[in-house]
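Read through the structures below before going on.
The same subunit A turns up in both complexes below, where it pairs with subunit B and then with subunit C.
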Partner chain A sequence: MHKLIIEGSKSTPEINFDPDNNILSIKGQSYPENAFKFYEPILDWVDDYLKKLENEAKVQIDFTLPYINTSSSKCIMMLLEKCDDAFLDGKVISLTWYYDEDNESELECAEEFTEDLNLPINILPR
Partner chain B sequence: MEPDMKQKKIAPDYDIIKVIVFASSIIILSIILVGTIIYIITRNEVVHKLKSQDLPSIVESMAYRIDSRIERAKEVSLMLANDPQIIEWVSGGEKDPRQQDYSLKKISNLVHLATDFDYSNSFIVSAVSNQYWDENGNIIDTMSKNDPDDDWFFTTLSSGKKVSISFDYNKERRGTFVFVNALIGDIKQPVGVTGVGLGLQDLSREFQDFKFGKQSDLWLVDKLGKVYLSDDVEVNGKNIKQIIPPEASQRVIQHISAGTRGQYTMEYRNSDNQLTDLIVCPLSSTQWSLVFQIPRSDSIGFLNTIKLNTLFASLITLISITFFFYFVSTRLVNPYKKSIELNRELEEKVLERTKELHEKNTKLTDSIEYARRIQKAILPSEDTLSEIFYDYFLIWKPRDTVGGDFYWAKKVDSGFFIAVGDCTGHGVPGALMSMISISILNQVVKGPEDTPSSVLQKLNILVKKTLKQENRDSITDDGLDIGLCYFDNNNRITFAGAKISLYIKNERELRVIKGNKKSAGYTRTSSGYTFTDTVIDVNSNDLFYITTDGYIDQNGGPKGYSFGRKNFMKLINSCYTKPLSEQQEIFLQTIQDYMGNEPQRDDMALIAFKIK
Partner chain C sequence: MKNNRLLNLHKKLREEGILISFSGKFSQEIIEELGEAVKKYLEAEEHPKTDIFNVFSIFIEQTQNIKNYCVSKKDTGFYEQISNSCIVVIGKNESGVKYIFSGNMVQNEDTDRLEKVINELHGLDKQQLKKLYKQKLKQEINPERKSAGLGLVEIARKSTSPLEFSIEEMDELFSFFTLKATV
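Right, the complex of A and B next:
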């Protein structure tokens, strides 16, 4: 399966999903005009990826998201829920969310999003 | 369009300067290259001509003159030797007085009368008597085999050659003489030797006139290298080995002694390391050769003048070209003006083509601006707000003319409701959502029995219903965040929020009452979800703030991060005592400064009020 690499912009984060090394990275602020349009291919890719994922593989999700607007939040939540379901299914997945200590809302955001997740979470300053 | 164009001054930019420098370098390099090549070719040609024509012609000329002199002397000597009277007189032992008179007169005339020919002496030497008669009619010597000075006589007698020539450098006379000796009588049994001596002094003077170049030399050299005649008197009698470096003099001597007929040109470096050209020209009449040498710098010195003049001319040309180009480009052609003209024409074309788009855009803008009027009409008026609040300020700034942020107020008998809402999206979709939300609020809120939490619950259900978002598979998933307050006339407020908080500031503290973590209307918020009411007593001078996340999440500052709740609370604390109208300014200015050049990210709605 091919890598998913989307260059970041002012209002969209950089997406770097590497299926060979099992690292999924999202980096940057997320406030696109049409969040669904931006995140749809990403969510489709994740669906495909999780379907093909073997139980032995160790997946690492890395988030660096200083700002997520309302519509993006829904999409990010959907992505996390998909991964959570896969985790409950027996796949090895963990999430590390990096935040900047100078940005108070980043930490809050990370905590809010990961509150109800089952998969192992690490919230670390960067 | 016009004012813009005029302001664009024709200023040189770095690219043009680069082009000019490049072009100039190319021109200068070309001129230098051409000049150098021409100079080199010219110089080589000059040197070639020098070696093949100039040098040879000088020495040839000189050699010719010397040769002709010697030839003439030979003729004269032969005449003497073949003169019957002289033959008889010598054979007869110089007895006959008449013959003696005749003979002596003959040789005397040669010397004393025929001055043009520069015979410095003449002689008749008898082999019979061994007496040497000179041009003055005297016997000046008697030939003796024992005298080495007389060797020439005996050698000549036995040589078997009718005419022979010897060069002699005479120290007393300080000059080189050529003696032409002719055998009197039979070659095998000559009775004597007669001839003339040639002074070559005037030739020596002519050498000086003949040669060109101040530092050149012209010599008459024998096959051992001895200099018999020179333009410079001091050199006479020296050997060329003493004058020019050994290797070079070796070659010269070699060539002279080889006796080859043609001329021989060569070059060498003298003791001062100057490159010198040298030419050897054998004399046809003798075994001697003429040697002419001249330093190369002398012969091609004139080229320096050419070099300088060429350089000068090139400079003038370059300057003229520069001026010419400058003149042509600024006055006549002026590419800058042309390009600005072209630019203007293109802009016009573009404008034409985008006219349609422009019109469409205007329509859209007009339409949205009209929508803004409707949105503003639906929002509570200033009068309403002034009625229900003791004092307030309001910041309502949609990002795109219309927006999803709104505020709502309703007065009831027992008090009043105030809400601030943030619908999904901004711009037109946000505005449509705000219409739905306001409409539902108006519908749902009747009186005091409607607690904020119940209102929010109903709002949640009705929005979902209106947008058909009752299950998770719906096409849309839109809703709103909202903070709703109910103030009763007994100084109590009840607050419920869906992701929006209430800030209460007084002298003691700044208190934050957070809303529930679920928004209203979305599919994720189930219809059964209940919101939480919080009841608070109001004291005078309590300041209330309700804001959507537009203000708090606006990005800016050094790292481009959101303004943040901490900063928001700091701001409240810092200007709490100020009058509300002033606070409005401060809040607006603060976020403007923080934003800097960043565009507004989301709709903003912020209301601050006191109720007593």
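Right, the complex of A and C next:
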């Protein structure tokens, strides 16, 4: 399976999904003109990756999202739900969400996203 | 230079505490530039990070909402007129309260729905807004609508006082809609 690497921009995060080391990282602000268009190939990649994932593999998801607009939030939620379903299905997946200690809103955002998920979550200052 | 109109405008903006104002067609590039500029400005003034984040967040939702509304009018023949009617202002009053104030033309046929949505948000406290936000966050995406319907809920959540809005009828086709949020 190929790596998914997308360079970041002012309004789109850097994507670095590495299927060899099972690390999925999203880093940066997200408020593109059309979030669904930006995230569609990313969600498709994740579908494909999870389908091929072996039960023994340990997957680490790393998020650093200093700002996400609402339509990006919707896409990030979809991504997390896919991973959570895979976790409930027996895959080993955990999520670490890095936030800015001086920004309550960023922490609040991380907590809201993760409070209904089942997979192990670490919310850490960056 | 007694009647220097630009200087007068400049004074007026300063008196009103306006940090940034833009009037015209919103593009993604303009939204990004203005958003980053206001962030830098507030950082230089050492406002709390949470406040800066909330101003930025409201600004992005407000301007992207308007832009999406304009785009939805692409096939109506009113696109240019509506797109060019947009305005957004970010300022602060004497006590340091920041506000994000936007306006745009809307078709009269859309005003009832708009008014209904905002009035519904008015009755909700922060906890109820959070619940509504999460519920909408998990709703299936309707590919026909670019907007997740979340923008206004998010603006209401981030605003420290209830959203102020007005809808003023201009003629038989259009009204002017304004929305103000504060941080």
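FYI, the second predicted complex is superposed on the first by the 126 of 126 C-alpha atoms of A that agree within 3 Å, B and C clash if a C-alpha of one lies under 4 Å from a C-alpha of the other, contacts with A are read in each partner's own complex, and residues count from 1 in each chain.
What we mean here is this: a residue touches a chain if its C-beta (ideal position, glycine included) is under 8 Å from a C-beta of that chain, and two chains touch if they have at least 3 such contacts.
Everything numeric here is computed off the predicted structure, so don't read it as measured data.
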Subunit C versus subunit B on the shared subunit A, clash or fit after superposition: clash
Contacts of A:2 with subunit B and subunit C, given as first, second, both or neither: neither
Subunit B versus subunit C as contact partner of A:31, first or second or both or neither: both
Partner chain in contact with A:105 - subunit B first, subunit C second, else both or neither: both
First (subunit B), second (subunit C), both or neither touched by A:51: neither
Subunit B versus subunit C as contact partner of A:69, first or second or both or neither: both
Superposition-derived comparison: subunit B or subunit C, residues of subunit A touched: C
Stretch of subunit B, among 312-320, 366-374 or 384-392, that runs into subunit C once the two complexes are superposed: 366-374
Contacts on subunit A seen with subunit B and repeated with subunit C across the two complexes: 31, 67, 69-71, 74, 100, 102-106, 112
Subunit B partner contacts - residues on subunit A that touch it in the complex: 29, 31, 66-67, 69-71, 74, 100, 102-106, 112
Subunit C partner contacts - residues on subunit A that touch it in the complex: 10-11, 31-34, 36, 67, 69-71, 73-74, 77-78, 81, 100, 102-106, 112, 116
Complex contacts: residues of subunit C adjacent to subunit A: 28, 32, 35-36, 48-50, 53-54, 56-57, 60-61, 64, 67, 130, 133-134, 137-138, 141, 143, 146-148, 150-151, 153-154, 158
Residue ranges of subunit B in contact with subunit A within the complex: 422, 424-425, 477, 481, 517, 522, 552-553, 555, 559-562, 564-566, 601-602
